[in-house]
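Next up: the structures, one after another.
In the two complexes that follow, chain A is the common piece, with chain B as its partner first and chain C second.
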Partner chain A sequence: MTAVLESRARSLPRQAILETRGLAIESRIGGRRRTIVCDLDLSVAAGETVGVVGESGSGKSMTARALIGLLPQGLSARGSISYAGRELLQLPERELARVRGSEIGLILQDPFTMLNPLLRCGRHITEVLERGDARGVSRRARRAEAVRRLAEVGIAEAVDRYPFELSGGMRQRVAIAAALAGDPAVLIADEPSTALDATTQKEILALLKSLQEARGMGLVLITHDLRVAFAICDRICVLYAGSLLETGGTAALEVEPLHPYTLGLLLSEPPGDRRLAELAAIPGVVPSPDDVAEVCSFSPRCPWAQPICRAGRPPLEPVAPGRLSACRRIDEIRSEMRQRHATVVQPAPPRDTPAVAAPLVEVELVEKVFGDTSSRRVQESVVALAGVSLEIGPHESVGLVGESGSGKTTLARCLVGLETPTSGRISIDGIDATDYDALSTADRRRLRRTVQVVFQDPYSSLNPVRSVGSTLREAIELYNPRSARHARQVDALLEQVGLPASYAVRKPIALSGGERQRVAIARALAVKPRLIVCDEPVSALDVSVQAQILNLLSSLREELGVGYLFITHDLPVVRQVVDRVYVLYRGEIVESGPVDEVIGAPRHPYTIRLVDSMPRSSPDWLAASAPPGAP
Partner chain B sequence: MSELAVPQLERGRRRLLPPTPFTLAFSFLVLGVVVFLAVAAPLVAPRDPHAQNLLVGLTTPNSEFWFGTDDVGRDVFSRTIFGARGALIGPLAIALGAFLIGNVLGLLAGFRGGLIDAAIMRWVDLMYALPGLLVAIVLVGVLGSSYVLAVVVLLVLTSPFDTRIVRGATLEQRPLAYVEAARTLGLPGRTIMFRHIFPNILPVTLPNAFLNFAFSLVALSALSFLGLGVGPGSAEWGRMLAESRLLLFENPVAALAPGGMIVLTAASMNLVGDWVYERLADRGRAR
Partner chain C sequence: MSRQGLVLFVLRRLLALAILLTTVSFGVFSLLYLAPGSAEQVLLAGRPAADAETRNEIRERYNLNDSFAEQYALWAKGAVRLDFGQSIRTGEPVLTAIKDRSGLTIFLGVYGFALAMLAGVSLGILSAVRSRTSADRGIVMFSIVGASAPVFVTGVFLLYAFAVLLDLFPAFGQGEGFLDRFWHLTLPAVALAVGGSALVVRLTRAGMLGALEQDYVTFARARGLSARRVLLAYAFRNALIPVVTAGALVLSFMLTGAALVEVTFALPGIGALLIDSVNFKDLPMVQGLAMVLATVVILINLLTDILYLFIDPRITYSEGTA
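Our next item is the complex of A and B:
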């Protein structure tokens, strides 16, 4: 089998095996036409890794689906998708089904829903094998082959297990093995590591890369994360609002982006190795492709936009060897962009450590056990926090870093009284806040005015039937019932979070994710708290919007002196906003200290692993931890 | 991220076929006419619905009596018009009452949890375990037939179903961030329940009230048909159906008119309920 693969890799010259020309994807729902992608030229050769990078709404996922002929109902593709000389868009469904899996494989983002929960992992592989060469082979031989395939991704032992018995990373490995079971020549991976923890993400990327190299496959990696693309791709295509803005080799593109959007994307990504005074956020949000059909799609947000940018859609043209860019003004602004690139990445001077004062929040040996804690069924319970202690000073910003399941959200919920710790003590501003229900009304009111919370999911954190204004007014009235100037206070709050006063009448549905998160911050600010617990406030947002929110949090801290407990899995993000950081691992704090020291020189093995797993473009990043069992 | 776009795009195919505009308009028309007849019955009806006229006796439809008369010479047309009152008031009381009880108990059970939840839900389980109509028949039979009693019994039997639906919908909303944010703000529980959660579960509970209306209209008519609701001779559709079924060959309209009205009103209410659901489910989603 391996020999076949090698001969295939050799026999194909470095020419595109999967190629699109003028690909356009449209949706038609209820008679309304919407463009999702237009005029897309993309190609991948055998043995090549191409990254398609874009924010939400760029059409990258639908492009992935179109390539394999799996567009959801109501969407249609036009143009040309050719695979090894065959036109895929013209193929009837039966032949297309044969191409899928055996010629082109697909890996999706969510490992939790991708596998059939009723089938053992080995069955996911043999199912594909039965369609291919292994037809008519004995059951035992097929099983042996499934074990071999799973060994290729490093989890041979999973062959008889059900998906629910595996972790997210292991499921993603099974999905990769299943996608590769038909030995496809091209593998499309749609955000394969986004739903995974940082350390697992690195393992999966390393696995993909090594498989791609060993098999000489073409790999199309779809991602929102430029750094992930830099780490494993040979070529990168930047997709924005449904059209390509720039393509080029990874190394050249990272050194000098040749489109203002790519530069903006690069700069709004918080760097992991230093703290910046301010992140260079791109103002505004991604437009819908139809709104920018006749102009340069980035012109509404581009600092260098001129009337010429709005005179028709700029074509993708060669601007340097191997580089294409859709910017008309690139020759004029190239030196300015280079300058901006250089100045923005200057590290900020280290923050003064705030004077030592009595801590605002003290958490002592807090434990939280979920489930039945009675002696007989103690094994069914889950320990979320195993004796955590931490302190937060007034006006201080503290980070809490950990992977999913580390207990970081549980701790946040205990602080704001949404959970009650099983044991231990929490004291906030001198009040014993261990059990909110046991407090007097006055104490509870004071606690609520001291600590507020901003949640992760911007789509559920606002009541969908109430307008922004009434949501904020309610929070203001609660602690200030007599003031007659609520409307003015609502305006002031909106202004504080950078939204126009006219937003007060809008319903949440009319806001983008970033705008909703701003309203959620305004709601927390309405009671003038001294500490805001931010539970992954930016992890559901696009990079450019994430930078806006991080900047907002920093400036609010300077203006109002509010402190944060910033909970995140993302080390570069935490470095930008906090002074001190606690690293939480399986319910215990394993390391703490000033953020620069912890990230710069981690001591605990887990922290070291976490810091290592931040995507870097240097070639040794993936090599550093070749997963077990990889060829 | 990008996967958020997909459910929106797929929204178009998930829905069942909505009623056509014509059916919907017709349903509204039927309900409008029934409401009008109930309110303006004395003005619209040509005769006293209870006045017997033994001289006329049993007749088929003619120019004087549009729907004919029954065996004691009462005008079927006027009786059908007056019947709209009973068909409207009882089911309306049941639907509204079950809506109120169901929402209050369901929100309490779902939001507060713990002992309150356990107590309410055990009561609901108990009511589920009773064979509803049978209990109604026995109770009405023991306590004497009366319209009010039939309405009360049906209300008590209907509201556990509403309670369970509302509790389920509340449990779905409770862990959402907007509810947790309201709790951290320190809003009182009743504000969170009635101002925040209630409007968001309305797309489930309001259409259910319409279904309850249709169900209890049929159930009340059935009780009357069995002689357990209103007294004999009352101008009530179920009762009229029961009393006229023996005259089916002499004056079929006397049975068909009230029977047809029951079917039309119940079906229209169901269709309007579906429409309300469609409207409410889209609210907050459409821009």
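Our next item is the complex of A and C:
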């Protein structure tokens, strides 16, 4: 570790190429002024990778936009952003346009929306080459250059293809090539791998890192994922509610965070190599910057907060060589934090394997084919599930792991009757649940009381016009029409998921993402089900909130004995909540078994690749990249 | 989409066109048959005392004594050979009459269409780029007024303002030669264009506002592309589908609007011919006009669908969607 530290420290160049001083971003909509970011000092040097880590609401994306002078309408930046001695905030738009692309580049999060859907991939590159004085170059030479640029990101064959013909990872490669077409000295990457599958994420990060090194480029990586930042950054800046709480070299920061928020964020991340008894979630949600303008912005959620933390905003000050922290009490609490860091990551004792009993759910050789299955158009049909079999015991928690397109959501939808399998059999609690439409009303009701579902996106799974109370009351009444004590049951449900009873009168729009997901869980619990199908229930949430929800699911399981079918692409997450796991790849189960065995000693090549793609900070993680396209 | 697929698609659509035309012709034929009054009443209108023999002669000449089915069959037999019969009013072959009058209407329609699209698209882009400014609000206001003003009101207003008060344009006549005709048809074309351009403004503006918010626009600007290229190749091209749809509507509207405008400006085009023929219950002429107009509208729609293919590579017309 020290060797890594030293080599990274040595390679640290002195001169910052892009630097902000006291950067503030404000929005002004309808006369109301809101702070997005305040007093931000960032810098990146040539050949350096700087990570800006923050949750949603931290202002990280707007910072990225401000650095390249592309804030959305209604937002404005103050302070100083200097690039190679020039003050960007003073530059007129015409000159700023010349800086963009050729001095500072930007890539965005979503490869599916970043490219112009109507232009071929090669055109995205030639149009950058055509700017300014390069007009004399022939069309053929420009095309050859586009092919060369695409080859640099490993996808030369995409030159004549439209973006919609490519996968997400391939599109992100094209976007990177396009962003680098003007050979910028600094590249700002805003969550470049977040929208991608785990294995693709690793490929994209490895590509960015190698391009950065080969070109000696400065790279600003903006991410919510500390693990990703640890894996590829030289320095890390932790952004929270619009201001920096801590900065430091990656290795030192990972070993010992020097701000309670960084520690909390680090502990909220479920580790990939062990199961914890309980994740150290940070209570509450990210405040808006204006609500914490005059105090330490983390103090409302900090376990070490004292009155001194609320006496004015603490400045970012040196606390150790190369380390800055905005915690006033860091000297006092440093040893306590170190201790907490050490204890929380202790692995939990292995779970007792549940006694063998008749399975609650049996799935036998289920196939699902979408599209027209008639012989004439076989090529137009898509096989989502190709003969999947699995079992879930009563009170058991089972994981289903796979990437997008693996068929995991289709299986979930078949289980709860939202899709009907093309062939095969599903049996739940002794009832043949293969085709919900063919069931008697009584059987269907019994099934719905046995199995419930929680969806991925809490922003769209709750009816926005109904209050939380009426949503829950509806679920209760549907299965318990004679019960008269609905109000008390609603309160009890809210309490079970850790929400105050007063939330019953609120509409979903007044809740945060984590609170909405709690309501969705409460709605599933309303019928006292034996199994809850959780389809990526935490992937839309911030890390600290994700830990809260995972802890809630664990405690509900212990209190109520409810089992889960936990569907996810995230191995560390699944390790925390399930006993057994099935790995789904292209519609087939390729591996199954106790979760610790499958993740600890994967056997199938795909599982190995999946386990290998979990971000690790060791320097060989990105280097040991499997060739793209291998299973 | 493959070339072969495109050919198949067009063939299927042309078949649908034939079916649609049959339906339209039958519909128009029945409606005129059911409407009160008949050709001989119109022809003899000035001579109430016409004897039964004359009356019968006329009925024979126009096959009015045959049953409805026979009359329609007779008409259809001619129609497939592009013989739509003779006008009852003038005795001229229907197709010749339509051909003679269509030059003016096509000129007017294309002129009006060009004006509507030019004004609509440029104002729409301007208002999206300058959104939430007074220019934007002014353009939106114009589009509301333009969309709600009937063509004949706009027409009379333009006539009064520019022909009578300012005397910049002629109040009637269709002009000789291209330039003169251009000058004569400016006011009618503007009257026709106002309503359509209002529609185009709204759809262009909405499409542009949507496209300008997209990630690909931000990404294009982040790569230092010129404002012009971002606006045209990125935002406008992606907003083009609804604009083309609006264009097809506007072009179809030029046909129906022509009836009103030609009457308002006393121009002897297809629209005026249609109105005269309906008033006169000139069944062959109305039937012939209906066929021509329906064909044009259907072809405009087919053309639009083909145009979509060239705008957006993601669009394909697979079997069964035609």
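Everything below uses one rule, namely that the second predicted complex is superposed on the first by the 608 of 631 C-alpha atoms of A that agree within 3 Å, B and C clash if a C-alpha of one lies under 4 Å from a C-alpha of the other, contacts with A are read in each partner's own complex, and residues count from 1 in each chain.
Here is the rule we use: contacts are C-beta pairs under 8 Å (C-beta built on N, C-alpha and C of every residue); 3 or more make two chains touch, one makes a residue touch a chain.
For clarity, every value in this text was computed on a predicted model and none was experimentally measured.
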Tell me the contact category for A:V128 with respect to chain B and chain C: first, second, both or neither. second
So, does A:P349 touch the first partner chain B, the second partner chain C, both, or neither? neither
Who does A:Q452 touch here: chain B (first), chain C (second), both, or neither? first
Contacts of A:I29 with chain B and chain C, given as first, second, both or neither: first
Using the touch definition from the top, say if A:P315 reaches chain B (first), chain C (second), both or neither. neither
Compare chain B and chain C by how many residues of chain A each one touches, and report the one with more. B
With both complexes superposed on chain A, which partner does A:A510 reach: first (chain B), second (chain C), both or neither? first
Taking the superposition as given, does A:P481 touch the first partner, chain B, the second, chain C, both, or neither? neither
Is A:S461 in contact with chain B, with chain C, with both, or with neither (first, second, both, neither)? first
A:G101 in the overlay: touching chain B, chain C, both, or neither? Say first, second, both or neither. second
Residues on chain A touched by both chain B and chain C 73, 110
For the complex, give me every residue of chain A touching chain B. 27, 29-30, 56-58, 60-62, 72-75, 109-110, 191, 194, 224, 416-418, 444-445, 448, 451-453, 455-457, 459-466, 474-475, 478, 507-510, 520, 523-524, 526-527, 540, 542
Going by the contact rule at the top, pick out the chain A residues touching chain C in the complex. 65, 68, 70, 73, 97-102, 105-108, 110, 113-119, 127-128, 131, 162, 164, 175, 178-179, 181-182
Interface residues, chain C side, partner chain A - complex: 131-132, 214-216, 218-227, 229, 233-234, 237-238, 311-314
Residue numbers on chain B that touch chain A, as the complex places them: 1-6, 9-13, 176-178, 180-187, 195-196, 199-200, 283-287
